[in-house]
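Comments concern the structure below.
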Amino acid sequence: MNHFRKPKLTPNKLVSMKEAIADAVKPGCNLYLEGFTHLISFAAGHEIIRQQIKDLTAIRLTPDLVYDQLIEAGLVKKLVFSWAGNPGVGSLHALRRVSQKDSAKKIEMEEYSHFGMVARLLAGSSGLPFWPLKNYEGTHIAEVNPKIKSIDCPYTGEKFATVPALNPDVAIVHVQRADKEGNAQVWGLMGTQKEAAFAAERVIVVAEEIVDTSIIRRDPNRTLIPGILVDHVVHEPWGCHPSYAQGYYDRDNQFYVDWEDISRDPASYKNYLDAFVFGVKDRHEYIQKMGTDLMSRLKAKPRKCEGVDYGY
Amino acid sequence: MNHFRKPKLTPNKLVSMKEAIADAVKPGCNLYLEGFTHLISFAAGHEIIRQQIKDLTAIRLTPDLVYDQLIEAGLVKKLVFSWAGNPGVGSLHALRRVSQKDSAKKIEMEEYSHFGMVARLLAGSSGLPFWPLKNYEGTHIAEVNPKIKSIDCPYTGEKFATVPALNPDVAIVHVQRADKEGNAQVWGLMGTQKEAAFAAERVIVVAEEIVDTSIIRRDPNRTLIPGILVDHVVHEPWGCHPSYAQGYYDRDNQFYVDWEDISRDPASYKNYLDAFVFGVKDRHEYIQKMGTDLMSRLKAKPRKCEGVDYGY
Amino acid sequence: MATDTANTGAKPLKPSERMAVRASQELKDRQVVFVGIGLPNLACNLARATHAPQLFMIYESGTIGTLPARLPVSIGDPTLVTDSLAIVSQADIFQGYLQGGLIEVGFLGGAQVDKYGNINTTVIGDYDNPKIRLPGSGGACEIATHSQQVLIMMRMSPKSFVAKCDFVTSPGSRMDSTKASPQLGRTRTEMKLPGGGPTKAITDLGVLEMIDGEFTLTEIYEGVTVEQVKQNCGWELKVASSLKTIPNPSTETLDILRNKIDPENLYL
Amino acid sequence: MATDTANTGAKPLKPSERMAVRASQELKDRQVVFVGIGLPNLACNLARATHAPQLFMIYESGTIGTLPARLPVSIGDPTLVTDSLAIVSQADIFQGYLQGGLIEVGFLGGAQVDKYGNINTTVIGDYDNPKIRLPGSGGACEIATHSQQVLIMMRMSPKSFVAKCDFVTSPGSRMDSTKASPQLGRTRTEMKLPGGGPTKAITDLGVLEMIDGEFTLTEIYEGVTVEQVKQNCGWELKVASSLKTIPNPSTETLDILRNKIDPENLYL
């Protein structure tokens, strides 16, 4: 077993989203587009749709609107997940259209619980082929997923579930700030960003702000992802809308509510994709198209914390 | 298997070090006095010596001077560890005197590598009885420690080492700042403080500064230990000397060098303990006794980082 | 429904309000609660605003000691982050807090629940060819496995309180029988599940309590009849001999719930 | 020793200086190195100050992309923290960085090493009744197990370069024979060890290289004889047919090492 990963130490990894996606996301690859409500890179998802990268195995604990859009665009061969919905609102309608009895065409589904998905990433980010967890007894989850196995504790004899390591081909992680080597700092909800970056073969860091490395080095405990894991850095302000970035802009809850109606009908879904994905060439145009009121409505009110002292 | 821990939600846990140690550290208990060079609570160790709490199983990755002092004071029945030395300088002489062929009296030793000790805490802090790791093949470490066992991966068939969960009776953790409920923030080196606090039955947080809860809540990503794990909070400025607290005071490297000579000879060792442990009633007296130059010599030069924005 | 006609003050009392108020009464001050969005969130924040000001709220997204300033609209709402005591990763939430045994009360709901408190949030119909594809487990399976006790909040109907779940996502007091094994399945103790499992189901008609491993009707709201409850339950529901009546909430409590907790009527 | 008489400039060239300079030459720019305190730290910081300015240094205490402003006196020196790119927990260092396969070069030393590069930092003598109790593994076992390659830095003597280690703390190229199994033990490949193991031992007399799983003398310093090296080795040392001579370091390099890297002469 040799699981070495080549550390990535190029001094400037800044590219456009177009370039990053074209280079790192290949047809048929295992894609982990991270975000747990917070810091979901819709910008990356839309660029994947524009580039029509097909046959994806789309992986995340919470495939949400952007995963649903990948499905509606016909790019997803298989979904690996633990909770698929429009958080706080309802269903993912593109997913429903390819996952039910009456579906004309179906995609493959591989299903865990959140803890199971997290455990898969923990294994993948730790160089282990499996991870043990106390879960799934008394449920049908392991029955319908043969990848969930079990192991006996060598001390107590007790049985534990295991899940296999997850090592995505590409992880895309949106962060508040990064330097051009990809050293990335995040605050607020952290989801599985660190584990995804450590587990993936290739990593794209998308940042609200590109900062000088000295800013990162002033507060090293804040760094979640070291640049040695990162292939590409993309500067994409407002890149998460309708998701959010703590300290930058609020979640566009109204969009999530409106989405229920937009997405239920394939025709209005198509209109949305035509206008806001295919109809714009990049994120900048998307934000312009959203109208001037977007920023005033969602821009965060400042609430800065104090720094701490690293002197000695 | 029922492994629930009663969350600790008393509003004010502030007590003196004397009270905290008397209540939480009992004769014969498993003690984890944390610190990886950084944030070692010498103040707590000295109070344990003053209270003559015997038959301890003393546990840490890096038992250093303060563990050696517990041994010299005759309080340690067993040492569980992975590296025992005076970091950057040399040996632990009290330990040598009770662990070699020519020793008149010996203590029990249970030995892992750092990763093995960390893995034991990961299991203990995660509600699992074991933890798998790729380690110990090609060495004699597992041969002399029957607690290191093995497990076969259910996916690859490959063999992995396992270590049993470590759940200390008491963990003592020094932090830069905490509120009186024990919500604790740490920066700089983090060692295994979080894992120790989650794994232990009882937790004493010792803090350089006691701050209002609002300070903790201004930067929640900085919180390493939640107060619901904590039994006692002790305010003990300069409580780590000769170890250090980033942002507060530097490591007293000269003391570590001098210690080599102090500790080699049992007579000078006794003189030290008589003067600086038994000869003072608490940490305040210890610091006074160290002389006025201590603070000017070791006080940290300020190097504050910027805060981040938690607005939305 | 009967509850539609129950009046407190000017506005009629809604089933959702009754559920939120009744659930809040289950929470004790200084308990550690794993809060879900929707009705559980209303119940927890109502408890904080009334009898349990120090209720310790943890949300699945990783916020510890949460103090939401507005009603969170999703599990990852930024209002959960700002002013919380700590933010932790998903790994820590599931591995450290849940599997680590720190959660005293968890909340669950779903599309189907059976008399053992087994819950289905995965599919209606056959797993491979479902009639309806539901969101899946999320953290529900581990909440049901590891919380010291679980409170279920669901509206009753024969479609939701079912004789048999189409799929069990989250474990209840014991496994049901299957075609292959017509005997009743193993209990939580036999399966060595760490948590205590569901203790109560707070519904829109009354409260079912887990007694000897089976849900039994122990409380009904004012104006609700036992017959109504039975009609809305898909199995032969046991009824406690000493059935309690749940009084209507006080005007004061309702006022807090309606005007402070959910003033925009998002979940009520 | 011969090296005591080698002169560069005014001050005589010390064995520790030769070791630090020779080890620094093994490091390539932009490599990820797991740095130990003492000579490895001097070698790495010398490499940074000369041919490898972007050497990426990780210390066991959890500092990533470290830029020490002063010579660290312990593995947890605060100068390692300030200005580093990231600080991570011990769990992340061992589980994420080492077991996760991110370390390209690791450094090790010890009380004893054998011809396979097995290292002893645990005990001299019998484990249960040792003549000398050494510090133990620390992170050495996992550095030896998981680094892509390991560089050993040790002074040679028949007591340290031994025919058989009293205890193997860190795995080399293969296990030695034992009383119970007189055959040679399994190789790293047979044991499925992820890392490449020791590639070179940088000593005070010359460089031993791991060739076909056994340390072979391939380089000696100016003024050192093969005989000297053999006398300081506890096993019948193989010598390469094309033995290289290591030139003395340049005045410029020595100046950096002596006056910038370790001006207070802590480790030289």
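Letters A, B, C and D mark the chains in the order given here, with residues in each chain numbered from 1 onward.
By our rule, a contact is a pair of C-beta atoms (placed from the backbone, for glycine too) under 8 Å apart; a residue touches a chain by one contact, two chains touch by 3 or more.
Keep in mind the model is a prediction, meaning the values are calculated, not measured.
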Farthest from chain C by Cα centre, which chain is it? Let me know.
D
Report which interface contains more C-beta contacts, comparing B-D against B-C.
B-D
Whole-Å distance, chain A centre to chain B centre, using C-alpha means?
37
Based only on mean CA positions, could you tell me how far chain A sits from chain C in angstrom?
29
Quick one: chain B and chain C, Cα centre-to-centre, how many Å?
41
Counting only residues that touch at least 2 other chains, which ones in chain D make the list?
63, 78, 81-82, 87, 95, 99, 146, 192, 194
Counting only residues that touch at least 2 other chains, which ones in chain B make the list?
1, 127-128, 133-134, 158, 187-188, 190, 221, 244, 246, 250-251, 303, 310-312
Chain contact topology under the given definition, line, ring, star, complete or other?
other
Every touching chain pair, please?
A-B, A-C, A-D, B-C, B-D
Name, in rising order, each residue of chain C that touches chain A in their complex.
37-38, 60-63, 73-78, 80-82, 87-91, 94-95, 98-99, 118, 122, 125-133, 135-142, 145-146, 167-172, 174-175, 185-186, 188, 191-194
Residue set of chain A touching chain B in the complex reads 1, 127-130, 132-134, 149-151, 153-156, 158, 160, 162, 164, 176, 185, 187-188, 190, 215, 218-219, 221-222, 244, 246-251, 300-312
Touching chain B in the complex: which residues of chain C?
30-32, 54, 56, 63-65, 67, 78-79, 81-87, 95-96, 99-102, 104, 146, 148, 192, 194
Sites on chain B touched by chain C in the complex
1-5, 7, 9, 11, 125-128, 183, 198, 213, 216-217, 220-221, 223, 226-229, 310-312
Enumerate the contact residues on chain B facing chain D in the complex.
36-38, 61-62, 81-85, 87-88, 91, 95-96, 99-101, 111-115, 118-119, 121-122, 133-141, 144, 158-159, 187-192, 194-195, 244, 246, 250-251, 253, 256, 303
